[in-house]
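The two complexes that follow have subunit A in common; it is paired with subunit B in the first and with subunit C in the second.
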Partner chain A sequence: MKNLSVAVLVLAALFVFPVTGPALAALQVDVTQGNAQPLPIAIPDFVASDPGQAAMGAQIAGVVRADLDRSGLFKSIDPRAFVERITNINVAPTFASWRAINAQGLAAGQVEVLSTGQIRVSFRLWDVFGESQMDGRILTTQPNDWRRIAHQISDFIYERVTGEKGYFDTRIVFISESGPALKRVKRLAVMDEDGANPIFLTRGEYMVLTPRFNPTAQMIAYMSYIDTKPRVYLFDLETGKQEMLGNFPNMTFSPRFSPDGNKVAITLENGGNSDIYVMDLRSHQMTRLTSDPAIDTAPSFSPDGRQIAFESDRGGSKQVYLMNADGSGQHRVSFGAGENGTPVWSPRGDLIAFTKQHGSHFTVGVMRFDGSGERMLTNAYHDEGPTWAPNGRVLMFNREAQNGRGSQIWSVDVTGRNERRVMTPGDASDPAWSPLLK
Partner chain B sequence: MPRPTTARQPRIGLLVSIGLHAGLVAATFFTWSRLIEMPNNSHTVPVELVTIADETNVAAMAPPEPDKPEPDKLVQPDTQMTPPALPDFTEVQPPDPVAPDITIKEPPKPKPETQKSKTQDFAALLNKLTAAPKPAPNAKKGAQAITGIGNANAMTADLADALKSQIYRCWNPPVGAPNASDLVVDFHLALNPDGTVSGRPQLSSQSAMAANGNAYTRAASEAAMRAIYQCQPYRLPASRYGQWRDIDPLRFDPRDMMGQ
Partner chain C sequence: MNRISSSVKFTVLAAALLMSACTTKPQATNTAPPPASPPPMAAAPQTSSIIPGSEQDFKVNVGDTVHFALNQFNIEDADRGTLQKQAAWLAKYPAVRLTLEGDCDERGTREFNLALGARRANAIKEFLVAQGVATGRLETVSYGKERPVCTESNEGCWAQNRRGVSTVTGGATS
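Now for the complex of A and B:
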């Protein structure tokens, strides 16, 4: 009987053990792969109380949808698929009917005209699965500025969902090109980030190149061949006034503002040697930063203003170099294949965009500021001259077709995805992205 | 008189022996079944070696049904509305708002609360997304680390794998954002026996703190939360509910995907 008791105890222990064993520990799961896809978002036409305002509500929603679609991070859902019709944005939506069409976000807005003649646009951004409001804003402006309101709403949505600032309420300055190849007319032009509202700033009598915005987006530095002498000029967008940046006997080119807007780095040619200088815009004092007999050009400040990336062929081929803002500590950072030039520091500070020439091909890529992690973002015949969106997430660049059919502006995400053409009136080159407008 | 004695002793011994053997066999089937099943069930490779292709196969056996509209149990649109008070664009102040607003019935929480209508302002609505969550009743204390080793993980590697394979397709990782290491977020997720999410998934205190201070981490945590909700219900073996009822941590780690 003793043996039997032991057996029973053993059996009981065997049954009990697993219940108190490790099986009750919480399951641990580590998700390391995802499905990077645009976020489906529903943006119904903004509601309004009368048909005239409703037309504007539809236009605003249309611009927001187009902005977010263009980013590649969102996919607006076709309004014809909507199950619920939003008639009052101050009533919580029926989330299930938006989940039914796979919307993850819902931006519902309305337009009102105030007694002052201004329009007031309100919107709420809803997390459809979390069933909570993510953002809610009212924006007021003159009716003519409705597109800016739409871009700002796009920026709010983009920032709230991705965590980073948007870039839709910005402008692009570029060189508009027209006419035959041998008698090309190049005009300075600006337009909204989505290609709307293009404006020509010069008439085309003189060739213009390499325009750059200052940090307030009010001033453009560019190179022009007025009186056949290539010089750097400043264009004040508010007053329309132009002035030459300093008066030098020789060619000046490749201007770029410092992050505080108080200085412009430029290249000065002297007796066949090009070197980089910085001009203080308040005192007009010039400081020479490089003195190498090779060609040093294309300066670009780091976002903190402490360093400058530039291109130089002092090592035998064109490569990207860095130096401190006072010209000290010059050293080469690009060691990849081919020749690398036109460095542009990301507003985030983490990357430098550049143009690589490999054989007859020009492509746009990024590298870390120490030269490591080189990644090419484009793979066409001739892409060059990158410029960053103010959030450091997207680049625009100049694309020339192999058959010489002219030049276009294209954009690409910093991940190398979402390459698409930027619509411009006619051929265009040399884009430069403004900061977010105030 | 030795015969009866000698005849009886072997019989008792035989009975005890048979009983013990039978007991062992029964124990083996009924008690150790999980331990014995382990090698068969965990033909799935350890978590860190799984490839997408493997996971896709697992998912193919148990496809989620994202298209199926679910009955909306959680929220009843409330008709008691007050005019919104939103920040005005001309003031350029981000929302520091403000007045009473949309009334929303809260989703059920682990601890039942008194049923009263909650009128919440915008700040309160936003706080729901960012406030440090209360620890779940059975949440682990202190820092957590995934060891990937030990009986518990070995026994449940197939479950972890099955869950991953269902959730990954709904997860839109924050590729392209800077500082990927800031974007790793941990949740405590409780599941109902039918595979639906029970209550609101809770960010770990560390992740909640990070999300409060960093817009990118906040966005990453919200994207992960959307994935958790969107891909439910999760198809996992009902007989082993005790092993997948609590998932802690459910970690979303985009570091391997950055730059893609």
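Now for the complex of A and C:
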């Protein structure tokens, strides 16, 4: 699995008409409001320079529409309502005809095939009421990477309109589940953020759990029961090789990379007791961070790498704790109702997502890193194991049905709105979101 | 004489029932209908279809499973007898090695339950070692909440899933 590459150029604005005054700042979305009022945007099928590319032009626009709709911040307008037909993206559109269908944004694009066999996709984002170009890009890649171009265009539009980085050109590593409830087969798998291109990385002859991406999205740390010995492994997506992380006589589990990718925090069990360690991937040196006789597990680094949140029952109930990256200054931060675990630091650094347990009821929520401002985002029977989109605005998690009726991946906005099921091939659990791909 | 033979017959039947409940490959001798007339005493060794020192002997005549309270890993009084029998059996068959598996119900995060399962497996190990079993004969493994034996989301089921299972992994008579 090679690192795919897409070349991006900025497409110069068209200076063909005067900029009008008052409506200039019209096209923007406040991401902190969730999907309270999604922005209507028109995205016609991309124009094809030759008829053979018409299908790809339609597919790319379709993926962009689906991406933006899924965010809950945009509402793509049904193309059947369009009045004007875009035939050349280098000519300014007739804005009145887009205002007539209440489009506030218009993203028009075209697809060309180059003599090298690559495809070149250009698009312009227009502020329909401000009658101005907001963004314009040219993206070039191999034809079979057309979905990545579509996701990158979605990211450009999302960023230009919300002021925040997007998260569509990303991947999800997860556990694919199949078989009866008492004999589940669990396989390591990756897919695009929208569920496309699922790839199975293990065959299911041994159980795998809790996969996590490294910061370049090229390496996955996960736990595997190869030879019925539960240990943390590293899977290199570039080479397809997997290797055990260290060589320990006992169970290692709950891996998570440091933000610089040079270390992995893990839990090591010894004589029944579980403590948190950090392994330096270059020197393979292990540093012990906790030594409490209680259970310490599920470590997660802060984005600056200076602190680690973790789950412990040292105070008599399972709660979220914090420590410095060297293990000093361990203290409890969750004091809300019930028990709280699996803390995961937001890439923005402002919030910690976690799993709250009330008896048999599990929900996913967020709190500030000092434990204040606790807010639950979901309310089902069993939601567990949150993971953040790289922009810190959306989370995915694992939703298990009652009575062993299976597990699915869902997403929810950090505002608690826009809860959606994520498309997976069959049942799935333990999602982990990659950073934006390079 | 009559009373003795009927009690012998009962023992044989109970063993047959246990066999069919616990094994996937029932022995042919156990599926044969019992003779109409009380069998002579010599027929009693029908129980010998379970070979002493075998995996089946351990499962059926010793008991391989103990249970735990919610979030707990201490050995319950009710289970001490089972583990004492396991230790005695291991003393009798010194070549046998066991894997001790710790399992949890669904009421814990995946990571925490892996740790809790390890605690349970280790508690069984410590009990057996205290009974004189050599540490080197015992391996532990935690499956957290990943290997339920019952899927209903209620206490009856959770109680079954919070368990420790001892499995013969080597040295058994076959």
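As a convention for this text, the second predicted complex is superposed on the first by the 402 of 438 C-alpha atoms of A that agree within 3 Å, B and C clash if a C-alpha of one lies under 4 Å from a C-alpha of the other, contacts with A are read in each partner's own complex, and residues count from 1 in each chain.
As a convention for this text, contacts are C-beta pairs under 8 Å (C-beta built on N, C-alpha and C of every residue); 3 or more make two chains touch, one makes a residue touch a chain.
Remember, predicted model here, so these are calculated numbers, not experimental data.
When the two complexes are overlaid on their common chain A, residue A:154 makes contact with neither subunit B nor subunit C. Shared-chain residue A:164: touches subunit B; no touch with subunit C.
When the two structures are aligned on the shared chain, A:129 is found in touch with subunit B, with no touch to subunit C. Residue contacts after overlaying the shared chain place A:273 against subunit C, while subunit B stays out of touching range. More residues of subunit A lie in touch with B than with the remaining chain of the pair subunit B and subunit C. Residue contacts after overlaying the shared chain place A:311 against subunit C, while subunit B stays out of touching range. With both structures placed on the common chain, the touch criterion links A:342 to subunit C but leaves subunit B unconnected.
In the superposition on chain A, A:141 makes contact with subunit B only, not with subunit C. In the superposed model, A:99 makes contact with subunit B only, not with subunit C. Shared contact residues on subunit A (touching subunit B in one structure, subunit C in the other): none found.
The touching residues of subunit C, when paired with subunit A in their complex, are 71, 73, 99, 106-112, 114-116, 118-119, 121-123, 125-126, 140-142, 146, 148-153. For subunit A in complex with subunit B, the touching residues are 3-4, 7, 10-11, 14-15, 17-18, 21-37, 39, 88-97, 99-100, 102, 104, 122, 124, 127, 129-141, 149, 152, 159-164, 348, 350, 375, 392-393, 413-415.
The part of subunit B that touches subunit A in the complex is made up of residues 16, 19-20, 23, 26-27, 30-32, 34-35, 47-48, 52, 55, 66-67, 69-72, 74-75, 77-79, 81, 83-84, 86-90, 95, 97, 101-104, 107, 122, 125-126, 128-129, 138, 140, 146, 150-153, 155-156, 159-160, 163-164, 167-178, 188, 214-220, 222, 224-227, 229-230, 242-244, 246-257, 259-260. Taken in their complex, subunit A has these residues touching subunit C: 181-182, 184, 186, 207, 209-210, 223, 228-230, 250-251, 253-254, 267, 269, 271-274, 295, 297-298, 311, 313, 318, 341-342, 355, 357, 359-360, 381-382, 384-385, 400, 402-405, 430.
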